[in-house]
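One chain, chain A, links the two complexes that follow: it is found with chain B in the first and with chain C in the second.
Right, the complex of A and B next:
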């Protein structure tokens, strides 16, 4: 049998980096083939060359056995190569139908297109109303638009780039049903992910990349998650050491916290209550856009709330600003690294001053103590193995993972009483993620109360003692992670499905 | 009855220029560009239209000249904001100052000259009839403006080109990644906006007072800008809003003529501008303005490669 797609010795260089080094593998018709690797392993570069966004420097792409040059995405689509991107290229204010029409290479009359869309949706059991405006849809529904858009081209090969990172467990199940049906009809699927249990459940073959090189091609049904993970990171996997922690008295108490929505697409917080004890890690799960941002702002003090809504160590701090709350021992790390947690064009030392100046005495009679800032930034770099040229490096010169380690370190080394973090390991490689997780556990062991807001359910289950789900600005009842059920969490995450964005 | 007909004709006349300029600006803003230079473009249109008419004795050529003049002036703005990524607000304001100045400069040669007013093209039996003039007594520009409301509405809603234009204004990066030329779409939108503002300006110099006077558009370009926000970027509401402002402007004239003494005429003159502020405040406090404004409005397009 001729392979649908075969790569031979593909090499791609960027200034200073070898993104792909003689990578070769084959995808058979009807095969679901996983492309596995950490951030920066070269997965994205590789599929961009298959989809025609980039050209390889060396090597050959064979399509049904014949050598192929993919000049651009349009040419790829013409061949029958479809791609669903991790970051959707959708237009919020337009309808589903308009969005799909924009993605078609030829102009099709609206009515004919709608009939085609309905046909594809019935065939694959994808539910979507073509007349809905995208801004009112859930993330899972938005992804369905991209999938329908790709399916309308009758693809022979469908590339899925990290498709499940924003889906609830139930949505993942639905997606897998569609993908299996597609594969059964002979469409090949190239499935990019780093979630090992999904690859075990879905894929026939897995190609593992590390540092741009092919490490192994294996059968994920035979391998264990651990063995694949170790191939992926090229070393043994460290477990989080989490023993020896005892929970103390409540440190952070949130009582009846409400906050109006910020703008027409924001989510209001409604009557949120929970408490976190000393030494406890409290997780907030949920699909993006359900009030996570507002919750972080309300806890950090960027959005002051009712006085009694937030209590730290018995002191009511709800009305206080972020700076005053830092004085009470509250630290926070927002989701957006560049521009929110750190100023990209400031040095690491200057970024340290922004949140640590009061607690660590970096201001003397109104003047900045640059030396103290540099010393502290140096300590953070040292303690968290941040790859940077030193305290004088610009924040924007660091890679995402390194900047995240620096920001986490900047807050953790201040020994906050309460630490609130959002997406602590978003876009961070497994090694750095493990270091960040360990640092959070260690901080909790010293008696701090920690709130982790994350969309990555696996991360929360591995890290937290207690878990609650946020949906439509409301927080579910907390549950102990030890006896939490994935199905139940998934249902809570789905909540009032598809109406989360504009529920008032 | 006679008074009502006269009042309606006055209102239609006052409404037409802001309707034309507002329609043009609506298309520009739908593509994600904020052009605050409408007032300047109207003045450029007023002098180009007048100048061409003086030389050709043909008001149709004059209107065409106004459209071309407005479009050319707007292309200066387009090069600055699209090619050189200059700040749209500052560049738009500069365009207004430029338009005011350049129209005055060219206008020096035309001061004191008059042309035949570009009136109705219907037979006098209809155009001057005390009743039928209500429908047939207007300059062709008036009918053009109303037809354009429907043409623009149809274009934006029903055509693929209109869909692409809205997509560019909603999310320029996505439109770029799908493969549409953001810059080209915006160039065309800006030129269209300039042409429409130019024709709106020509309505002053060819129809209302068939002569040239400095700053004769008297701030109507600013009302056209407010009108687009007031209309929530929708053509139907733009038509209604333009007539609402037309009525307010007519009130000033009638208050003066009727000799209302309990309020100074300046009060009525200020009404359209005050109402602009009130309307904007009401709309934004209801939170609907943010939802209907094109998401990329006023933001420079900087694709990462």
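Right, the complex of A and C next:
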């Protein structure tokens, strides 16, 4: 049988980096093929060449056995290659139908297009009203638009880039049903992910990249998650050492915390209460856009709240600014690194001053102690193996994962009493994620209270002692992770969301 | 061959320095071509505007006197610009500063001396700062764009000036000209014997060091830079954006007021209808040409002062209006803003 897609010796160089080094593998018709690798392993570069966004420097792409040059994405779509990106390109103020029409290469009359959309939706069980405005849709529903958009072109190969990172467990199941159906009809699927249990559940073959090189092509059903992870990072994976931790008195107490929505697309916080004890790691699960950002801002002090809403070590800090709360030992790491957790055009040393200046004495009579900042930045770089030219490197010159390591390190090494982090390992490779997790656990072991806000349920289940779900700005009752049920968490994540979205 | 803009890994320090210099040179070249095309001797015009004031030593004191207020105002404005606060009303703050100083001087009558002059200068700073306070309040309380409010207040300040020098403060011995009486000797800044070089020029030479210390070494300077480049990060770091707007507007106003009071006590010695001569607007060009860097402002202030002096010169030598200098100054600003992109991007050949 001729392969649907075959790559031979694909090489792509960027200044100073070999992004792909003689990579070759084949995708058969109807095969669901996983492309697995850490951040920076070269997955995105590779699929960009298949989709015609860039051209390989060396090597050959064969399409149904014939050599091929994909000049641009339009040419790729014409051949039957579709792609669903991790970040959607949708206009919030337009309807589903209008969004799809805008993305089509050929102009199709609205009525004919709607009929085609309905046909595709029924065929694959993708429920969506074409006349709905995108801003009223959940993230999962938005992704369906992108999938429908790709399916309208009758693709022979569908590339999915990290499709499940924003979905609830139930939505993931629905997506897998669609993908399996597509594959059964002969469409090949190239599935990019780093979630190993999903790959085991869905994929027939897995190609693993590391540092731009092909490491292995294997059968994920035979491999274990651990063995694939170790191939991915090229070393043995360390387990989080969680023992030796005892929970003390409540350190962070949140009582009846409410915050009005920040703008028409923001989410209000409604009457949130929970407490975190010394040594405890408290997880907040939820689908993106359900108030996670507001919760972080309210806890860090960037959005001051009612005085009694937040208590740290018995002191009411709700009315305090971020700076004063840091004085009380509250550190935080927001989700967005560039421009929120760090100033992109500042050096790493200058970025150390941003949150550590008071706690670590970098200010002397109104003047900054540049040397202390450089020294501390150097310590963080060393302790968290940040890949950077040194404390003088611009924050924006670091890769997302490295900057995240730096920011996490900057807060953790300050030994805060309370640490609130959002998406601590987003875009960080598996090895570094393990290191960050271990650092969080170690910080908890020293008696700090830690709140982890994450969309990655696996991360929360592995890391946290207690878990609650945020939905529509409300927080569910906390549950011990030891007896939490995935189904129940999934329902909490998705359940209420639909109702509140319509009500607003 | 086609070209494209490619993002640099790090901002180019070389371009940060090259682009202002290149802007001046390109302005000169365009000037030569444009005036030749108009039938005027382009080389002579550009030479007199840009070079003669530098080469002829008897013009240096004119350049220094004109550069001092430009540098002082630009230093203040560049602090605000770093925080993305756009104070366009330095001209008005300069006028109000001078009026405040003149008012204090009048109150002292014929008395003079160190403390009287100090009081006049302090009043100048305070007057400028208070005038800048109005757009600051409007911006922080009612979200009124400070570009418009500060600019409009310039015209209000000119009305205030017209009223005072034409009415209550008019020189009784001034043949009914709308102007204040000349300052008594004791209220004038000391000057070098036989020249117009006054103490205000020394202030303009010292201030860049103070502003460098403030912007590069102090927590306040850090706060201004963070608020300007990443408002969210500033909030994360616990810096108050409103407080920053207040502080930078006040500094900008105080510096413009300082320049106004130094101009009164050091150079002009009276306030008349022509007192506002555009320093507050030209200083905006100085701030940008100087890349918002204190020492850059010093150099750029000298360049702009040269063109102002040269413009006067070219009026008599090549018979072109002295507003020509304004055209050149505008061209420099245009070119510096247009070439800004080269700091963060490079021009690369398209593959």
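Here is the rule we use: the second predicted complex is superposed on the first by the 496 of 504 C-alpha atoms of A that agree within 3 Å, B and C clash if a C-alpha of one lies under 4 Å from a C-alpha of the other, contacts with A are read in each partner's own complex, and residues count from 1 in each chain.
FYI, a residue touches a chain if its C-beta (ideal position, glycine included) is under 8 Å from a C-beta of that chain, and two chains touch if they have at least 3 such contacts.
Quantities reported herein were computed from a predicted structural model and do not represent experimental measurements.
Q: Overlay done on chain A, so just call it for chain B and chain C: clash or fit.
A: In the superposition, chain B and chain C stay clear of each other.
Q: Which partner chains sit in contact with A:74 here, chain B, chain C, both or neither? Use first/second/both/neither.
A: So A:74 only meets chain B here.
Q: Between chain C and chain B, which one touches more residues of chain A when both complexes sit on the common chain A?
A: Of chain B and chain C, C contacts more residues of chain A.
Q: What is the contact status of A:277 with respect to chain B (first) and chain C (second): first, second, both, or neither?
A: neither
Q: Check the residue A:405 against both partner chains and state whether it touches chain B (first), chain C (second), both, or neither.
A: Neither: A:405 stays clear of chain B and chain C.
Q: Between chain B (first) and chain C (second), which, if any, makes contact with A:92: first, second, both or neither?
A: First partner only.
Q: Look at A:102 in the shared chain and tell me whether it touches chain B only, chain C only, both, or neither; answer first, second, both or neither.
A: first
Q: Working from the superposed arrangement, determine the closest approach of chain B to chain C, counting only CA atoms, in whole Å.
A: Between chain B and chain C, the minimum C-alpha distance equals 6 Å.
Q: Starting from the residues of chain A touching chain B, keep only those that also touch chain C in the other complex, and list them.
A: None.
Q: For chain A, which residues are in contact with chain B within the complex?
A: My answer: residues 73-74, 89-94, 98, 101-103, 107, 263-265.
Q: Taking the touch rule as given, give the residues of chain B at its contact with chain A in the complex, in rising order.
A: Contact set of chain B toward chain A: 160, 163-164, 166-167, 170-171, 173-175, 177-180, 287-288, 290-292, 294-295.
Q: So in the complex, which bits of chain A are touching chain C?
A: Going through chain A, the ones touching chain C are 300-302, 321-324, 326, 332, 334, 336, 339-346, 350, 353-355, 357, 363, 366-368, 370, 394, 397.
Q: Show me the residue ranges of chain C that touch chain A in the complex, using the header's touch definition.
A: By the definition above, chain C touches chain A via 9-11, 213, 217-220, 222, 225-226, 229-230, 232-233, 235-240.
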